[in-house]
Each structure stands twice: as structure tokens, then as C-alpha cells.
Amino acid sequence: MTINIGIIGAGRIGKVHAETLVTSVKGVKVLAIADVALPAAQETAARLNIPTATADYRQLLDNPDIQAVIICSATDTHAQMIVESAEAGKHIFCEKPIAFDLKKIDSALQAAEKAGVKLQIGFNRRFDPNFARVRQAVQNGEIGQPHMLHIISRDPAPPPISYIKVSGGIFFDMTIHDFDMARFLIGSEVTEIYTAAGVMVDPAIGEAGDLDTAVIMLKFANGVIGTIDNSRKAVYGYDQRVEVFGSRGAVNTGNQYPNSAVVSTVDNIRRDLPLNFFMERYTESYRAEMQAFITAVVEDKPVPVTGLDGHIPVVMGMAALKSYKENRPVRLDEIQA
Amino acid sequence: MTINIGIIGAGRIGKVHAETLVTSVKGVKVLAIADVALPAAQETAARLNIPTATADYRQLLDNPDIQAVIICSATDTHAQMIVESAEAGKHIFCEKPIAFDLKKIDSALQAAEKAGVKLQIGFNRRFDPNFARVRQAVQNGEIGQPHMLHIISRDPAPPPISYIKVSGGIFFDMTIHDFDMARFLIGSEVTEIYTAAGVMVDPAIGEAGDLDTAVIMLKFANGVIGTIDNSRKAVYGYDQRVEVFGSRGAVNTGNQYPNSAVVSTVDNIRRDLPLNFFMERYTESYRAEMQAFITAVVEDKPVPVTGLDGHIPVVMGMAALKSYKENRPVRLDEIQA
Amino acid sequence: MTINIGIIGAGRIGKVHAETLVTSVKGVKVLAIADVALPAAQETAARLNIPTATADYRQLLDNPDIQAVIICSATDTHAQMIVESAEAGKHIFCEKPIAFDLKKIDSALQAAEKAGVKLQIGFNRRFDPNFARVRQAVQNGEIGQPHMLHIISRDPAPPPISYIKVSGGIFFDMTIHDFDMARFLIGSEVTEIYTAAGVMVDPAIGEAGDLDTAVIMLKFANGVIGTIDNSRKAVYGYDQRVEVFGSRGAVNTGNQYPNSAVVSTVDNIRRDLPLNFFMERYTESYRAEMQAFITAVVEDKPVPVTGLDGHIPVVMGMAALKSYKENRPVRLDEIQA
Amino acid sequence: MTINIGIIGAGRIGKVHAETLVTSVKGVKVLAIADVALPAAQETAARLNIPTATADYRQLLDNPDIQAVIICSATDTHAQMIVESAEAGKHIFCEKPIAFDLKKIDSALQAAEKAGVKLQIGFNRRFDPNFARVRQAVQNGEIGQPHMLHIISRDPAPPPISYIKVSGGIFFDMTIHDFDMARFLIGSEVTEIYTAAGVMVDPAIGEAGDLDTAVIMLKFANGVIGTIDNSRKAVYGYDQRVEVFGSRGAVNTGNQYPNSAVVSTVDNIRRDLPLNFFMERYTESYRAEMQAFITAVVEDKPVPVTGLDGHIPVVMGMAALKSYKENRPVRLDEIQA
């Protein structure tokens, strides 16, 4: 069985999903792609033989042949599009974050639930084979009962200041992935957060009202204690590692490299820098999350990343920010919609 | 600019090349695929939207819109197809080995040269980012003048005995890749070969007239001394590593793994087995060699793996076998067409 | 030039220092060893050809030929022995911690200062070649300005409950080493501490009033944010690693292993467990700290680990404990003598 | 029980053994040290409290209190000293090689056997924990039946030309360790050797009649095929690695490093060079071989490295040289005393 898909948004991540769906995912046909910038939609449609390109995403919602949509538009449109897509009876894959407003998120989730459509959120890193292997080790008891978690998540370079001004800040544009990863790896909810952070990379980031360096401590309902280490600038490249320690052992992952060559000279023993950024590092995860969504729809099974999985990291971001501002541990139940 | 391609052979490697060309290579359009087993050609054509499927490869050669062919048919047809394709004025990518008969190889090479078409041989491992990085280190002098080379190349499990009986034997179905790699990494020709080998994995392989374990010593024209270590069965998986040692250092590569997770328990510190076989390990190299061929044709530049590169490893295989049989070092110039 | 030494305490660490001083340290002669348990002193004296064994450490202080003492007796005697040794004009090496009472520590430090004798505290890990290399990388700017620090410090198994009852608790018997390491690696003082901790390894530890698992966040005066991860039980062995991340790079260390052998089988790729505990892991550091002390005395140079270095980690332990009890970040200046 | 020892030779290795025996080996007392250069013997005796220093080794043989001798004198005296020591009824530890003349070796071995004294040869690398772990893996079947062996053994820099002129050449001053290691790891005898070699490091070595780069292929009686890779100059330091591949897996070892620190910067991911030469790399092995000898004598058990173990590598060196000169595989039984 095959389902027909429409893609909303032909920006960077929209193009990635389009290409993945057309070339590497089984059980799907891309019927249309929409973007307010019509030429972007047309360019991608032409390159990938997608029959329809349009500036109006409502064309996709009105098309009875389309059973599911991939929402890759600007963040501030996500919640509304989820609502409209749900009302149109389409299954939905939506990029994270759903919104920065908990009420909007809840409305979107309710709309999907009411319409009985599937809603998967784009936390692609769950599908990275490295982190998936860590979760497997935790879940199948290879390391016993988990006690501590560490996530290191550093970008190779900060985004433009213009982006930082509208991104919601480091906890919402960067740590949000790590908040999801923390819940995913441990399989328990975070109850309290304490944040230490600063501006160490670039004063301009501070002037824009944001932070560029943070260490966030997490307490989980099951007793696990975790930390997240974020920097907007690791000069040696994208640094993405995790470690879970438990009663019967530990599991950790290293970075991914473009090659395994080691060069030994009179100076040192060295290798090349890791894969530079998320498009290279998480290539496989983008394919796997798309396949998982399509399979969930085709086989009518639960999606692996739910609407609630989109809701909670936003709450965590709010708690992290509040903790930083007030320099005290903040319980997640202090955060109100 | 775009060129049109026909694919001859829809077996395992033919399918891989077809999919790669359709989805991941720039500057090319696949117009037709041929296979004596028509349903195989039709299945691949349907899946990848290739307009024409045929049982007769001559249809491709007769099609004036097709500028190049990818020959993935049975080995014993390669030489003849090169000749016919060259006479039809098509550029040619041909899977290795060209043939087991040096006269046939020479005829094929002469036909391509006479017709003025490009001929690239399918030594895909040259395009693996690990080995490419080693060659780069050698070429740009990172390790000075090379002195020694070691290649470890072990398969996870032997092929069926039925295959071994027709493959030409270990030096032609397995070591041939390593012979090419040796020349590629060192950038000099081998002049003499000494082989020690045995049947250690499975007596049935010996009964079929072949060997399953071999260490082959190579002397190069530039003085480098090399070894190749081959086994048909490494129980822990596909083992593919190289090392070049030189006057100013050394470079070596490790295996490729499905993930980087390390698990520590009371028993040991461990990781999962490496990627199991060539389709997983060399995925990227198949894409890169196709792109290199298409680019060479489109931009009218030399192909990176020439007909001569297809000829010499066969000579080396013959020398390796002769050395084993006579238990003495054999010079390559002892091998006559 | 050579100095004469007396050793006070012939327990486990006293024996280690005695053997090291006799066999591996230049510029020193051990004249006497004292222990309230005379047979222990006698056994070590006989084995190492130390001329005098006594039950009364005052014999050492009264001996005008002895220029320096190594205090390895029970923790609750350290401060008093420092005072007496200083008054006797002996240079002093004292095992950590000096005391659990800040007033006693201050008295001891003042006595040493007043007497003009050298006082070195036994934070041996500073002399481990791995951590020394990290500090070097930080100090010489290899990684630029430091931003974040992570210390993982896990014991292979908890000490006996009887020890835990008198040790002062995890922050004083275990984390105290990591507090010193944090200051050593970053070269700046900690101003605030936040602690999350629990009893996850053994309920008996909780019943004894202690914790067995802790994550401690540190804020440094220079802006660096750090974490310490402690567990009393890592089933795979002694786990001692650090990482410093900075504006121009990062440096981290791994564990030490009894051998480098990697075994690959059909199950996995594995190596043996790390060196099991501090006597194996930090062997070299015990030698190096003794040599450093002797050299400081002989050449009349500053000791590398001062009395203040013994004072501050105790303050940090008090702040860590207070933070845990009150679940809030605690500034070090809240801790009063 | 304790035995009394005399050391013959106070050069570099004699000093190492003296210090080890005095400070780190149980069950032994060093009574005397002899060296034709009396001041060398006296200096070591004074430093280590050895009662007697003499220019005449016969004093040690005549001393009835001495039960065993450690022969560390010049190679050309080894065989004669073994004979004399055996006739004096002393147990013998002798540095390798025993001699370069097989008749002399046999005479020495016969003398020891006739006298009923123990004779251990100084192949210290067998006691390195890395190689010991590899042998253990082979012996206890962790990797099944061994099929192939690879030894990489490269020095950081060539010895002086003056040494090369008298050392017997690369196969006797360098490869001899690897010949022993090959037999030790595989537990079977080598039957045939083929050598490819050259002068690549320094023409002066060739002018002195020696080689500086060699790859040696070994065939073992049990079917294993092995290689040894030797270079007199690895600019990145002492390179000592082995790998054994078998029917159920593989085991290999890496180099030893002064620290485990990894530095990541914008240039690369790097670590410091390995331990530079044998005194640092094989420190532990020197202690362990001395302890093994003393224990064998004290407990009257077989020595772990026999006279025959000293004989066979010399035969292998002769075969390797003959193979190189005649460019053909040479059987060990072609070599006559």
C-alpha cells in the first residue's frame, strides 16, 4: 500500500524531507509541495518530479488524494497548520517546535486528537543510530537501572544574530533537541531543572538577549540526575555525545567522522574533524523518521514521537530559562500554560 | 548539461547503480535498462521510473539518445560488451574484472581506445572516503616517501561453493580489489609478488580448487614493500583496513561501524560489530564512482579508473596464483597475455 | 643534597609513601617510621631497611636529623600533627583532608606559616600524567579560554558502611578529590555550588546517613561552569575522566587500562576493564607527588599543593552538602569557619 | 625463601636489572655486581647498596653465597659466561642473543643442561601485559584456531652506524625480538621464511652492509602465516603492535601512550606521541621477567624463556638474511650449525 503526501514548506528542511521521501522512503508518493515563495516550491518539484507546486498550502489540504502532510514552514505557522490539517483529515508530520506558546500547542494537539489523525513531531535525533543504540541499551537493561545521564551538544558556530533574535533563545532553538533526547534516553519525565549559563562565545549574542553557553541539570521522576552541556561554538565542529550510567554499567557514544584515517607524524597522532553539522551528522535520522511516519500511517500504528513529545520540551525550555533568571531549581509543574 | 545513460544488467550491482544514478547523481538521466531476464529489468525500471526495459542490450547500443552505458552483466560478457559499446560510440563504465583472459582484456581496451570513448572500471573502493583520505595523505606528502603498505581485507563469510567454482578463485574474486587498492594507495606499479596461502576456513573450498586464506607480499617499482591479508571468513564481520608507513609518518584506517556506542559492564568494554558487508560499508563509494564517471563524460575529462587499471590487477592475480603454486616470488613480467 | 625524612603512619598509604621514598625518589633518606601499632611500623621498616621504627611519632619530631615528615595517620590527627611538626621545625607533607573543621585547618595552616616550614597536601591526582596534560592544555592556551568543565569520578565499589559512618560522607571522602581537581584544571576559584544527589547504589548507605550518587554543578569566578559526576559503584571499574571545553577547542582524557588488547569475536569488539582502583590507576602520581615535595624542600621552592589547597575543598564539601540539603545553589562565602 | 644474586655487566641493561632486583622483585638479594669497567660497577653498587663491586666476574662465580647470575655483558661474552656460570653451579639469566654462532649457542645450552642449572633468556617483551594478553587470547581459544599473525615493530630512530656495524644486522639486533614474539604468540615453530627488505631510511646504513626496512613472511608448522614489519625509523615514535586472526575472531594491541589526553581544535583531533622507546614502553616487562626468573629459581620451576628460545630466533635471523640475499623462501632446516 502507498500513501500520497503533500509537503508544506520548501526551505532547507522541506527540501531534505522532499528528497528523502521521493528517493529513499518506501510506501509513499509525493503529490505536491507548497511554499509561499512559489519558485522554491517549483524548483524542488521540478528536480524531484513532484507533480504539483503551489504557493497555497490549502490546495494540499483540499486535495482528497493527499492523506498526509509534512509541515516544514516557519515555526510561527506550525500550530495553525496542524489545526487546519487535522480539520482536513490529514495525518501530520510537523517540524519542532510546535510553538512557543503552550496554549497554542495544546490547541494543536487537541485538534489532531479530535480529528483522529496521527501527529508526529520532528525530533529526528531519536532516529540517529547512535542514540537509538543508547536507548536500546537502557531499555533492554544492558546497563541496569539508570542513575545518571550526560548530554553534550555543541554547535560548530552560532547562527546569525538575526536568527537568534527570533528563535526563542538557546533553550528553544538548541536545547530543545537535548530536552527531547533526555526524555527519550531515560524513558522518564523530568521534574526539576537548574540552569547555569552565560555569554562566552560572542557578546553580540548577549546583546540580542540570548545566551551561548549553558549547563542544565535535570532531575527525573525515576531519580535519574542528568546534565546537558550546550555551546553555540565548538571550533572543532559539531559535538554530539551522550552517556548513560547505571547500576550494571554505562553506555556512551562518540562523534561521527567523515573518515577513520589516523595520521601519525613527528607532531602528533591525529584524525580529521568530525562531520561538521546536522545535515551531515543526522542524514540517516532524517530518512528514518520519515520512514517511521509513513509506516505508522500506512500500517495504522502509533507514531514514535507524539504531540506530547512536542509539548514537554517547550515546558522544559521555559523552566530552564526561569531557573537561569532566578538562579534556583525550578519544578516543571511551576510552568503554567 | 545532462547525459543519457543505459544500464546493462539488472542484478544486484546493476540495481544499486540504477538507483544511485536515478536518485543521487547529478547530470544524468537513465533512459533504459537491459537484462536477459526481462522481469528483472522491468521491475527496476518500474520502481525507478526508467522509461525503457528490455531483454536485449543491443537496443541500448542502437539508441542514439544514449551516450553512455553501465555494464553490470556477467563477467564473461564484459569484454565483448565493451567492444560492442565502443563500436556503437558509447562511453563505458564496466564492472570489474573485465575478463580473466589478458588477450580479451587487451582487445576490449583497444576497442575503447580506437573508438575514442571513455572506459571506467568499477573499482569502487577507491571512492571510499577512508581509503581516499589515505591516498591523499600519501600523495600530498603528509607521511613523506612511502616505505611499507599493509592491506587487511577479510570477508564476513565465504560465498557459496558454486560461486567459488566459477569465480576464478580468491585472487580474482577477492584479492583483485586489494591489488587495485595497493596500486591506488602507493601510486606505483607492483613488480613482484610472493604468496603464502592455505585452506583454513572450510575444506570444501579446497576441494573446489580454491584457497580461503592468503598473505601476499608485493614489491613496488618505487621500492615500497606491501602485504595483503585475505580471509574468506572473519566471524566478527567485514574487516577492511589499510596502513601506509613512510619516511615522515604513517596513516591507517579502521573499520566502519553501525554506531559509535560503547557499553561498559562488569564483563568488558565493548562495541557492536562493524558494518557487515560491502553494500553497507561501501555505500558512499558506489555513489561517488558513478558521479565521477558521469562527470568525466559530461566534462570530457579523464576517467579516474582506466582500462589499464582493469588490466593490471588481473596480471597480479595470475602472478599471485603462480607464486603460490611454485612457492617462489614471481615477477609480473613473467605473466604473458 | 639529601634530606632525611620521618614517616608518621604505617597504614596503607603510609606503606605506599615509604616504599616510594625508599626506592624511587631522589634526594631523600627515610630515617624512621612511626605507627601507634608498632608491629606495622616495624614490618615496613624491616622490609625497606628503614633504621628506626617506633610507636611514638614524637621521636621523629625530636630527632634533629629529620628535616621533614610525611603525615599518613588517621584524619582526625592530621591538624594536631601539623601543628606539632611545624613547631618542631619540620617540613610537612600531609594526607588529605587536613580536617573536617575549618578552625582546625586554619590553626594548622597558621602553625606552618608561623614556623616557616613547607606544607604540602596529598592531592596526588594532580600528578597523574593524564590530568597534568589537561591542565597544561588549559594553561598554555591550547583550548583558548575555558568555558566548561566536566569531571567523572566513579569508584568501582562502595567502601564498607563502617568507613562511611566516619568518613564525613561522599563529599568529603570522595568528591574532595574532584573539588581539588576542578580548581587545579581551571585555575580559578569556585564561587557557587549546586548539588543533586541520591541513594541509588545501596540503601544501607542512605541508612548510614550518606549518599552514593551525586551530580554537582560548579560556578567559577572566571565564568567557567563545571559538573562533577560521582558514583560509589561503577561495576566496570574505576572511572576517572575529565573534559575541559574552551573557546579554541577541548581536551579530555580516558580511563587507563591494564592492556591495549582488543578482541573481536562474533559477539562484539571488546577490551578488558580499566585499571580497577586508585593504587593501580594513580601509581605514578604517588611517586611524582613525593618527588615534588622532596624537591621543594631540597631546593627551597614553593610546594605545588599548598595548605590553602587543603582548606578550600573542605569548604566546597560543606557547600555541596548544604546545597543538597536545601536544594538551592549555595555560595562558598556562605560557609563560615 | 630468598636467593642471592650476582650481576655481570653494569651497562644500560645491567643497571636496569640491578635497580629492578633491588627495589621491585621479591625473594632476592643482590650481593655483587661486576663490570670490566670497575667504576660503573661501583657507581651502581653505591646507589643501590649492593655490598660488592668488582671488575672480575669470576669473583661472583667463586662466591658460594651467590646462587644465580644475571649476564648483561657484551653479546660476544654471553656464551662463554653461560658455560662458566653453569660449571660454577649458578642459575643463569642471560640477555639475548646468546651468540651469533649456533655452535657456541649449543655449547652454552649443553653446559647449562649438564650442570642442571636453570637458564632463562632475556626476551622481556613476552612479559609485556599487552602481548601477554594476546598470547592468553590465543591460548585459551578466545579467537579459535589462529590463521594469520602480524607484527609491527618500528624503532623511533636508527642506532649509531658504529653499533650497526657490530650488531649482526637488523635481523639480529631488531627482528630477533619479533621472531621470538612470533613463536610466543602462535605457540608453534616457524618452518619457512621469505624476506623483502631495503635501505630506505639512511644510505649510510646500507653502506655499513645492513638494511633498515624489512617485511618478513613466516610460515608456521601449524599452518599459520605471519608477517613482521620492521623499520629503523618511525618518526612518530616507537611503534609496537601485533594482531592475531583466527577462526573465531581476532585480537590486536595498540601502542602505549604517556597520557590519554585528546585535544580537539580547529585543526584536528589529536593526542601526544606514543611512549618513545623500549625503556619507557617495556618498563613493566623488565620487572616481570626478573620476578619470573627469581621465582623459577626459588620455587624450582621451569623458566618461562628457555635456552632453546634463545637458539631458534638466531636460526630465524639466518634464514631471513639468506632469503633476502637469494630472494626465495628459505626453510629453517636449511640452516646448519
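Read from first to last, the chains carry the letters A, B, C and D; within each, the first residue is number 1.
One rule holds in what follows: contacts are C-beta pairs under 8 Å (C-beta built on N, C-alpha and C of every residue); 3 or more make two chains touch, one makes a residue touch a chain.
None of these values were measured; they are calculated from a predicted model.
When the interfaces B-C and C-D are ranked by C-beta pairs in contact, the top one is C-D.
Ranked by distance of CA centroids from chain C, the top chain is B. Per-chain Cα centroids separate chain C from chain D by 39 Å.
Chain geometry summary: the mean Cα position of chain B and that of chain D are 43 Å apart. Centroid to centroid, with C-alpha atoms defining each point, chain B and chain C lie 58 Å apart. Contact of a single residue of chain A with at least two other chains is seen at positions 234-236, 239, 248-250, 264-266, 272. Chain contact topology: the protein chains form a complete graph, every chain touching every other one. Contact residues of chain C toward chain D in the complex are 22-24, 49, 129-130, 132-134, 137, 142-143, 248-256, 258-266, 272. Every residue of chain B that touches chain C in the complex is listed here, in rising order: 234-236, 239, 264-266, 268-274. Within the complex formed with chain C, the chain A residues making contact are 144-145, 147-148, 150, 154, 194, 196-198, 200-201, 213-215, 217, 219, 223, 225-227, 229, 231, 233-236, 239, 245, 247-250, 327-329.
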